[in-house]
Amino acid sequence: MIKDITIGQYFPGKSPIHRMDPRVKILLTAAFIVMLFISNSLWGLLVGAAFTLITFLISRIPLKLMFKSLKPIIPIIIFTGILNLFFIKSGEPYFKWKVFQITDEGVSTAVFMAVRIICLIIGSSLLTYTTSPIDLTDAIERLLSPLKKIKVPVHELAMMMTIALRFIPTLIEETDKIMSAQKARGADMETGSIMKRAKALIPILVPLFVSSFRRAEELALAMECRCYHGGEGRTRMKQLHLSAVDGAAVCYMLAFFAGVIALNIIL
Amino acid sequence: MAVIKTENLTYIYGEGTPFEKRAVDDVSLEIGEGEMIGVIGHTGSGKSTLIQHFNGLLKPSSGSVYIDGEKLWEDKARLRAIRFKVGLVFQYPEYQLFEETCYKDIAFGPKNMGLSDAEIDERIKETAKMVGLSPELLDKSPFELSGGQKRRVAIAGVMAMRPKVLILDEPASGLDPKGREYILGMLKDYHTATKSTVMIVSHSMEDVARYADRILVMNKAKLYCLEETEKVFSRSEELMSMGLSVPQITRVFARLKEMGIEFNKDVYTTPYAVKLLLERLGQKEGLA
Amino acid sequence: MDSFLKAEGLWFSYMNNYEDPPVRTEVLKGIDLDIKKGEFVAVLGHNGSGKSTLAKCFNAINLPEKGKAYVDGIDTSDEDRLLDIRQRVGMVFQNPDNQIVATIVEEDCAFALENMGVPPAEIRQRVDDALKTVGMYDYREHAVHKLSGGQKQRVAIAGIIAMRPECILLDEPTAMLDPSGRREVMKTIKMLNREKGVTIVLITHYMEEAAQADRVVVIDSGDIMMDGTPKQIFTQVQTLRNLGLDVPQVTELCFELRNAGVDIPQDIIGEEECAQALFELLGQQK
């Protein structure tokens, strides 16, 4: 059922990773991505992979979830793997048949890319697994706040994200209900040609849009009644504070980062 | 013959996950043709889950459902055909309207049944009359109508399918007293006119008490009882302990009983209470 | 007692753009109303009678076309005082889902205070107080969408009382709730009025709820038709029925009994007093 979808999966916990300031988490995730892409040796990449694994273990998120987060991108990994495998023509060929050839460089690039993508996905899903969507939005708003000076509507964007997160479960539930209701009136959504199925969506989408507009209108009114007048002069209940955990996390990250650079130079 | 029959019907949400929940637990019941049934129960008692089984929107985890003698889910191809026999109107059905005109919206169900245009037209006119929609409203967009009218259009959309059983989840919720009265009276008239089975799910005992022949009470996923209305209200204390609210008049008579004045009948509507009280008063005067 | 909400010859209309050419519909036609500080007023009227429109006039959402609306002496058309007005008069709506902004209970509760620019430490304190008042403190870190209707509505009320308003307008807050949700919300409203002295204006369709107020105002086609104590209002059974409204079942019972010639007081609106009256009536004749 559609209800089973969980968006912005967040797994509450008390691990050091959970306790980190979300701003630091976002910045370190960015640093982690950079680290993955600058490591140009096998050893450097192994350090990156080790970092990913250790961090995952520290977060105490079940390892099962690590594999689950990889599932949707398996086709991408295979696809880029094949591309690299067959279309890199430089290096010693291992195998050659008509236009196809597999070279040692092809193999190593394919492996490199696969490991990089896997680490990248695991690392960034760890960010969403350990940070509540609210904290994430909040952190993004604060990190981007310097952009306000050049008239980027940072607060408005963050508010939109907050509201979207708030209403996703409500709308999923609503879609489910409308689908059941139209099915009860004999709507057939499972059979027929693509055109027929697309047409069968109308009885679901129209009520959904109508109700979303109604919700938006009511919500806007309720927000106005609660003194909402944009981001100006707004304060926040939850203040973000840097703590020892964040310091430790930065050092931990730096150590690996330095390791990767060192390996790049040595090898 | 029973038009709806369930045997040991059980439904478990999220089976095999940590969120597993038994929403309907071992329910066996029979509902006859032409009955008017009230369905009551606390939120989360399983009543909404139960009714969604009656037209095959949910598949039982175990046990079975028979509609008009035919077992649901035995042949998936028959599911849709059986579904047309049981019309289900969800709570706030006006939020499911989508067509440009009320006419087209009411036609949606009958069209899905594959009826001819002439047949559909006849049915729409008949149901519009039944729910009290004037012909000129049929050409209007449903989004222009008042809340009460929208709801009537939505109900008409299911009635036009001429189901053998019409099930409505909280048909009067959110309406003002006049609107409530109108909808419930309309359903009673529909029941009398078509002689089909009608089931009304409601939190409001007052509404259910006035119209239903029998009442089905769900409590904690189990069938608590399915009995004649009077019999159910004779258990008013049990109903209250389940967190259900009984009509104010029933509570007054319960209080009188505590004070030592007992009536051998249970009271749940005002006219009946008036009648009983007048009888008792007359009796007293007669003795004096 | 001081007047808190005041309407003087209030007119309001809106354009109906569905019709061609658009038609102007008069919703409020010269309303005069004075609500005192600390009062608990129930507003009755069928759908479309103008009661919600009136409520929105006291929150500067709707501005009067003619006449004036005052909140605590402030003219609602004074734009500079908009936030002062909204802070004094909180509003709770029918659909609990569509008035909760944040995903987490306490975050939502803090929303108004954040908008008002209250310092963080004070927000924390006031949010905790508000959640304790409505009995939702234990749920402060829960996700809103997993709560029951009654709980959501209590969170919405907490978000309002965190602003520490002197008055709360509630527009059919119980219409979408089940009986236990309704009881929870009514209990909270009464407590706010009796213990915290908050002025309450409750728009409702449930006569049993209105019977619990200090004062009942009945609106029909944009005008005030009746205004008085619940006893004064509900005893006029016929007038109410003509306006498309109900009376509590017990009042109806006594009304019918009186019509049949039974000598029973006609101002009965509560269960207990009805049971007492019947007891005396039946006992007397023994």
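Note that the chains are named A, B and C in the order they appear, and that numbering of residues resets to 1 at the start of each chain.
Throughout what follows, a residue touches a chain if its C-beta (ideal position, glycine included) is under 8 Å from a C-beta of that chain, and two chains touch if they have at least 3 such contacts.
Values in this document were obtained by computation on a predicted structure and should not be read as measured data.
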Minimal step count in the chain contact network, subunit B to subunit C: 1
Contact-richer chain pair [A-B vs A-C]: A-C
Interchain centroid distance [CA atoms averaged], subunit B/subunit C, Å: 30
Averaged-CA centre spacing for the pair subunit C and subunit A, given as whole angstrom: 44
Subunit A-touching residues of subunit B, taken from the complex the two chains share: 52, 55, 57, 80, 83-84, 87-88, 90, 93, 95-98, 108-109, 112-113, 143, 157-158, 161
Residues of subunit A defined as touching subunit B within the complex: 177-178, 180-188, 202-203, 206-207, 210-211
Residue ranges of subunit B in contact with subunit C within the complex: 42-43, 144, 146-148, 173-179, 203-204, 206, 243-245, 247-249, 251-252, 255-256, 259, 261, 270-271, 273-274, 277-278, 280-281, 284-285, 288
Complex interface listing, subunit A residues touching subunit C: 132-134, 162-163, 165-166, 169-170, 173, 214-215, 218-219, 221-229, 233-239
Residues of subunit C that touch subunit A when the two form their complex: 59, 61, 83, 86-87, 90-91, 93, 95, 97-104, 106-107, 110-120, 123-124, 127, 143-145, 159-160, 163
